[in-house]
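Two complexes come next, and they have one chain in common, subunit A, joined by subunit B in the first and subunit C in the second.
Coming up: the complex of A and B.
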């Protein structure tokens, strides 16, 4: 089998392990819709002035927050569980002669594939629920894709450093929840601090696409920076976990 | 408590103690969440709607009080979920070995209470550096009730769902319920949000923090919610462990 074939087999196996559970597929379809709708309703209960610095209506901001959160959380938890469950299998594959790079690429591509699907479902759901025409739906997908990629990589990183489900879940859930509060602007925390939250730039990208129909170019570079840092860290941790420690 | 329940509880506690990373996380994560918000929010006054009245509070005090139930709910929920998931195989074997379902249920819930109290203590230790509740005892009680509510909900979710979907649910549920719908910054909450699990405990918590009196019905309703979930959780656990 060629290297391409082995990577393809790895991606197929990783994707199928997620799709094999019907409840996962149901959650993939239902959670974004639920999150978008609930966040829209919840932000609409706040006073329109004084607390939030929202670009659109509070309901729209809430729905964008819900979409970004659902996308990031779904991809992050998936990355975490994939890493934890695949760790020993990948270690054995490495011992059997699979090059580390193929295993890393397989894991990253699996996250990319499933993350794209999650971002796609969330984009379609957000556009449908918003009830107002969104002229830049592909840009919404870009923003949500960045959220999925960032949290997919974070999930891999957390799953490598804390390879137990309880501990890993605790850290990832807290990270995602705190990050989402930062990105939502709920506490009015200064942007010079919230810019370091991984979901803040995807949130701005999606907001600009929905409200202005434009690409928020000033957020592309920092979002890419986050992705690069998470990619380097997760690849380094994964390579160490799979190839670097004794069996 | 009979000897077998004591042994089982002791073994569960030993398992906790054997995972120092978990214990460290249960202490460090509340410090991180509550500490970050207390440090980063602007020190401006915000209007809070508590029991229909508007009360002004410093943002940092509000953040400390508010993030306490949020943190406790999230962490207790995840602990409850995995407590159920991780002990299921062992419980099945213990059941076959002669343990009664009631003994297993008692020991598991005892462990959940210990985990919840640990998370609550860590959260309170941080929160109380930034806020001085008017009625400290009620504040502590409300935090414990929030933790127990979500801890037992985690157990229920752990019985019904597998790990991955269970984590998804316990990631969203406390966030949506406590953080979004029990937020006293909101001026126009939908009436149905009062049916959510965190409603009465958080009402009690905010009244105890920022006013000089609490509504006793909030405490009773929050306790009732815990009891109701406990009955549901016990029933489900009992059914799960009653394996022949």
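Coming up: the complex of A and C.
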């Protein structure tokens, strides 16, 4: 058995675990639409009197914010559940001879694969619901994909510290919600603060793609920096949970 | 295991040493408290044991005496604070709580763990057919683990430990939830493994099973007390002390140690 085969088996097992949970599938299909609609309709209620600082219309900004939130929250829960359901079994698998590195890689690739599906569903839903032409749908997918990756990794981190489904999910949803407030840019919060919000750069990427049809290249590097930091932290957390924590 | 009477003494000693599939020497383990106002718990204190090829060893003790902790240390799933564990050959570990993927089917579980053991597809299929037949759960091959009954989940848990035909089996209350037929099948299987030269260590609470073991270790106050079944009437206080020359376990047994076999699978870390 080659390393590629083992990693493939690990990714397949992780993906099957996600897809075989009906609640996950329902959330995947419903949450983006619900979130995009609620955020859009809510913000559309406010008169455009300069309270908010939005690149497009308030409704468009609201729908973008809803898509980013749904993507982040779903991917976060994915990472969390991966960690909770697999930590003990992963440890046994590693003791059976599955190389640690390949196990970590397969977990990260699972986040990437399922995160891409989440970003894809959110992109399609946003394009369908937005009510105005989206200038560059593939770039929307890129922005939402970055959001999914960041929160998938954060989910692994939260799952290590708080390996409980309800409490962990609540933490991630609240985190994504607060993060989204900073990221939306609606409240004119100083950029020196908002730049540290994990969803801020993905939000800018999606906004630029929807409104201008462009890739906001100035946000790619900081977004990549966030991903790198989260990846290092989540790998360390995963390694601790699977290999070093008392069983 | 008895030494060959016709062999020179040094050969007998070497052979006896090579028969040992796992040797633990003076194992100590304390669970430190990370919270203020809570105390640390000393679980093992100088626990020493050995398991030989073709030997079925029972480990008994009260609830909370540290049997599962000892088993995890023997398997390599947990580090000891002090002492040494040496394993020779491949290890199969059946933990008390099934550490399986809830949403994978029985078949998928065999395949995934088979890949971890380095088995090819045919070997996995053979192992699955053999174990599902012996333990009588072949009709659940397509069922997800979370939808299995407790007994069938335990059968799969045991099968994962057995599927690569290890040299040493470490079983932590392996028959929890088994019906009577499966319980008997389990012991029949254990006898077959003993005949094949597999060393088996089983944590058990069932006093009536003592006669099934070659050796019983009783864990009390962090110490192991060894009793040869049918040989000695009284437990010895530290019978293996001084008899086992152990070193701290490394990921693989030295090629020139024991049977010269590279340890793989569970316990290879």
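In the analysis below, the second predicted complex is superposed on the first by the 237 of 247 C-alpha atoms of A that agree within 3 Å, B and C clash if a C-alpha of one lies under 4 Å from a C-alpha of the other, contacts with A are read in each partner's own complex, and residues count from 1 in each chain.
Heads up, the rule we're going with is that a residue touches a chain if its C-beta (ideal position, glycine included) is under 8 Å from a C-beta of that chain, and two chains touch if they have at least 3 such contacts.
These figures come from a predicted structure and were not determined experimentally.
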{"item": "Partner chain(s) touched by A:166 [first = subunit B, second = subunit C, both, neither]", "value": "first"}
{"item": "Partner chain in contact with A:45 - subunit B first, subunit C second, else both or neither", "value": "first"}
{"item": "First (subunit B), second (subunit C), both or neither touched by A:130", "value": "neither"}
{"item": "Contacts of A:183 with subunit B and subunit C, given as first, second, both or neither", "value": "neither"}
{"item": "Partner with the higher number of touched subunit A residues, subunit C or subunit B", "value": "B"}
{"item": "Contacts of A:86 with subunit B and subunit C, given as first, second, both or neither", "value": "second"}
{"item": "Contacts of A:6 with subunit B and subunit C, given as first, second, both or neither", "value": "second"}
{"item": "Which of subunit B and subunit C A:21 touches, first, second, both or neither", "value": "both"}
{"item": "Subunit B and subunit C footprints on subunit A, overlapping residues", "value": "21"}
{"item": "Subunit A residues touching subunit C - in the complex, by the definition given at the top", "value": "1, 5-6, 9-10, 13, 16-17, 20-21, 85-86, 88-89, 91-98, 246-247"}
{"item": "Residues of subunit C touching subunit A in the complex", "value": "31, 72, 75-78, 93, 95, 97, 99-104, 108, 111-113, 115-120, 144, 160, 264-269"}
{"item": "Partner subunit B, residues of subunit A touching it in the complex", "value": "21, 23-24, 27, 31, 34-35, 38-39, 41-47, 51, 69, 73-74, 77-78, 81, 162, 164-167, 169-171, 173-174, 176-178, 180-181, 186-190, 193"}
{"item": "Residue numbers on subunit B that touch subunit A, as the complex places them", "value": "19, 21-22, 25-26, 29, 32-33, 36-37, 40-42, 46, 59, 63, 70-71, 74-75, 78-79, 82, 85-86, 161-165, 167-168, 170-172, 175-176, 179-181, 183, 185-190"}
